[in-house]
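Pasting the structures in now, so scroll down.
Here come two complexes built around chain A, the first alongside chain B, the second alongside chain C.
And then the complex of A and B:
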């Protein structure tokens, strides 16, 4: 009797501990993600009843030029964010010296990461200002007339992505600095004995040891690129004329401004699908590493 | 260490190197200096196009007074605290419990559950927007602190569980075996062994969560409407519309918004960095 009661308690407690966090997560996050897919099969204004329309939201997406603009911009975000890991590594190598004031310099390099994206957006709108911004001053210094990057449909996405790259590089730098501190001193020493220098040393001895960190920096950058929204909302609101929207931003506009929640949900589902590719890749690697550890 | 260290015996080279790093840093932080300098200016100075020169008169106080008396930034600031502090505390409690179970108890579906937490945490948050907004409307929570707190707690619990699970899994196994041998129940193990040992993890996690939640903008504009509940990020974005060319006031407000996360970061820098890199670097 005593034994069964005890074993029951030993089994029940973990379940009870797991329950609140798990339930909240399942209801608010997992269920919502699935429900987004369900809503994408309907026409819905967000208030009234939903009408089943099957895949016609997706068919409409295919013919919607704005969707292709958003998709192209998502690709630009991904491509430019590929720069974050190498730039982060470069800064990490630069500051990884035991010299006085270097610790303070490191923390100041991290700073963009702590600022909110809204702050970063406001700062860069200021930076890109075509009459007095720093970019304009640089152009004037070379005798050129400065472009209004935020109102040019060619440059606007690049201008926004470069602003977003700033904190992302800081993030990658933190990861690489931590990685550099776990390097195997013996292998480095052996490399030095063999006269490996500079680029060779980095390429053949240091980088192989940083593979795990580089992978995480890359994965986090790709995810960051796909979920970007705040900085677009703050800097351009998707403009001029919708040329800087991405899937996340277009989805927000279609739902909350045009009251086309079904169509918005279809956009969200496409974003979900693209993200799933990256997440599965990440999870498979993570589980493999965990097994082998 | 890599790169090769400049030896102590070459003080001039060390000094020159440090100087170079600080120059790069100055360029790196140029946008921040611009905002700081602008927060010091008068409106006439801004209007005259003096964006990068020294301010003609230091007017930081005047700009701050404008932020506090002519805008609702103080209200938004309090709102942000009301949202961020309880959310952070709740996530810490929930994730210690879930992380402990996932790290120390084997049960069918544990890997799947773990994968779900990771996947949910990496999803672009826009994917949940429509259903979460609908859920909050039907619960009568739309445009209340509750809506934001519930969402942040649910979402961050995914990340935090991951974090705590990895930390608790790395604790020495002998402790748990000894406790089990003495007949301690899972609840006792959690309270008497896990909680005292995870304090560093909780410190790191709390500063990360505080920063994430404080800096949220997307849910602020999706789940709130009125000034009474709007957090400071949404408030700042509004301010840009209302004070279009008063960059001196906008800059002062921008600095004000950035203060809590930056102060937290400098006070608890070690924890912040440890938090971000934990799991990323397993040696």
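And then the complex of A and C:
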């Protein structure tokens, strides 16, 4: 009797402690995801009755050129955001040097992180402005005429991603700086005694100790690239003619401006499926590391 | 085998004077142990020799070569760290061969060196494991193995045994001493443990507050400490210190110590510089204390007896005779007696000593008794 009660309490405590988080997760994530998938099987304007249409929203997606543009843009976001961890690492290694002025440099590199995405977007809109922007000044300095990058359907996505990359690199830099601070001083010393210098020190001794941090930086950058939305809204509203729209932004437009909640939900489901790939990869790695530790 | 020569080494951390004018010559093949309380600068000095810490001024030579500004990897040294500092992502074999790999030595040579070191240290069966899978003692061996494979001129050890349990520490102490005989290499070893210092060293360097207090063979330091600090640092249980005043210098030194009859120390150093009336400290090793009623005696109550089988440590309260700076933190007198059953606790003893065994320290800490010869 006593034993069973104790073992019950043994199991009840963790269950109770996990309950609030689990409940929130079930309602906000799991239920919403299932509900979204359910909506995606209907035609719905958000107010009236829902009409069952089966997979026809998905069939429409397949034939929608805007969907393919959005998907391509998401791939561009992903590819460019892959640069954030190595760039963040490079800057972290630079500002981690024990040089007097590096504190100032560190705070400057840190700045985009404290700016809201809207601010970053507005700053870059000015930066790209072909008549009075900084980019225009740079082009004039070399005697060239500046391109209107935000009006060019070839360059617009790259221009937006580049703006979004700025805070992302800063974020990765912070992660790597924190990682560099936890490096074992004696292991570095051992490396110096073994005559590892420069690149060899970095490759054989520093980087292996930063693997965990690099993994987190990469995973967060990937997920950040996929769910990007706000900076597109601020800089281009998806334009010109939808050429900088990505899946998240297209979903927002279809649902809230075209009143096509079913179609928007189908977009959301596709985006969710893509994200799942990265999330599952992330979780599997996490689990494996935990098991081996 | 190489010598190490330090000349006027100074080191400041901002305003903190970490190393003060260190002059030290270490002979080829010598095993030198640097001891001192924490913060005395012994680790800083070792890191300076390694090149991991820059010195402010002075000169460091290894094997006759000025290495004061040379990178650690090119000084011909290897170092064993307190935390072992193994590369966590490399196997044991990779850890041990890393230095040679950086030197771009051929694969076969690296493998042979790793295998040879592993055999000496009996870790051939863990060569493929990662450091995380090893016990503390094994990690320690790998760290030593990593040092051996590089065939350094000088081995540096930074408190290498402090993370091991007592049994393993004794074992590794013996193994290190054996290794030193086998390799014949110059070794510099830092510890705060005086037992390690006494047992392993050819010569001990005692440091305090960034300064060398005394350098010498372990027994020489034990027998003839130059000052109060060295006398108190070496020896466990610690020397008993009693404060007193000098009465007369006509024949030896006659002093009065509260709680003792008049004591006359027979032999003083030639340059003692004492005057009657000076405050002095009387020092007595616990093993020189006796309870047979001979010599200078005083009654005392036995507070506690620690029976260790081969010997007993007695703590006695002797009324007005109070020790200062004892390692028990009390004013009791410590006695170390040979085999035999000690008297029961609470009994009254006549504790005493032969004045010829006593040490006398001037107010500035200098030893003023004449050097004692080996018994």
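By definition in this document, the second predicted complex is superposed on the first by the 257 of 293 C-alpha atoms of A that agree within 3 Å, B and C clash if a C-alpha of one lies under 4 Å from a C-alpha of the other, contacts with A are read in each partner's own complex, and residues count from 1 in each chain.
The criterion applied here is as follows: a residue touches a chain if its C-beta (ideal position, glycine included) is under 8 Å from a C-beta of that chain, and two chains touch if they have at least 3 such contacts.
Only a predicted model underlies this, so the values are computations on that prediction, with no experimental measurement involved.
Once the complexes are laid over each other on chain A, chain B and chain C both fit without any clash. Once chain A of one complex is fitted onto chain A of the other, the partner contacts of A:76 are absent, as it touches neither chain B nor chain C. In the superposition on chain A, A:87 makes contact with neither chain B nor chain C. Of the two partner chains, chain C is the only one that A:196 touches; chain B does not reach it. In the superposed model, B is the one of chain B and chain C that contacts more residues of chain A. Of the two partner chains, neither chain B nor chain C is touched by A:43. Look at A:186: by the touch rule set out above, it reaches chain C but stays clear of chain B. Of the two partner chains placed by superposition, A:148 touches none, neither chain B nor chain C.
In the overlay built on the shared chain, the residue A:208 is in contact with chain C alone; chain B does not reach it.
When the two structures are aligned on their common chain, the gap between the nearest CA atoms of chain B and chain C comes to 7 Å. In the superposition on chain A, the residues of chain A touched by chain B in one structure and by chain C in the other are 192.
Taken together, the chain B residues at the contact with chain A in this complex read 1-6, 14, 17-18, 21-22, 24-25, 28-32, 34-35, 38, 49, 51-52, 94-95, 97-98, 100-102, 105, 107, 111, 113, 115-120, 122-132, 134-135, 150-151, 153-155, 157-158, 161, 185-187, 190, 211, 214-218, 221-222, 233, 236-237, 240, 247, 250-251, 254, 257-258, 261-262, 264-266, 269, 272-273, 276-277, 280-283. Listing the residues of chain A that touch chain B in their complex gives 6, 9-10, 13-14, 17-18, 20-22, 24-25, 27-33, 35-36, 39, 46, 91, 93-102, 105, 107-112, 114-119, 122-127, 129, 131-134, 137, 166, 171, 174-175, 177-180, 182-183, 185, 188, 192, 201-202, 206, 212-213, 216-217, 223, 226-227, 229-230, 233-234, 247-248, 251-252, 255-256, 261, 264-265, 268-269, 271-272, 275-276, 278-279, 282-283, 286-287, 293.
Looking at the complex, you find that chain A touches chain C at residues 184, 186-187, 189-197, 200, 204-205, 208-209, 211.
Listing the residues of chain C that touch chain A in their complex gives 47, 50-52, 71-74, 77-79, 81-83, 85-89, 98-99, 102-103, 146, 150.
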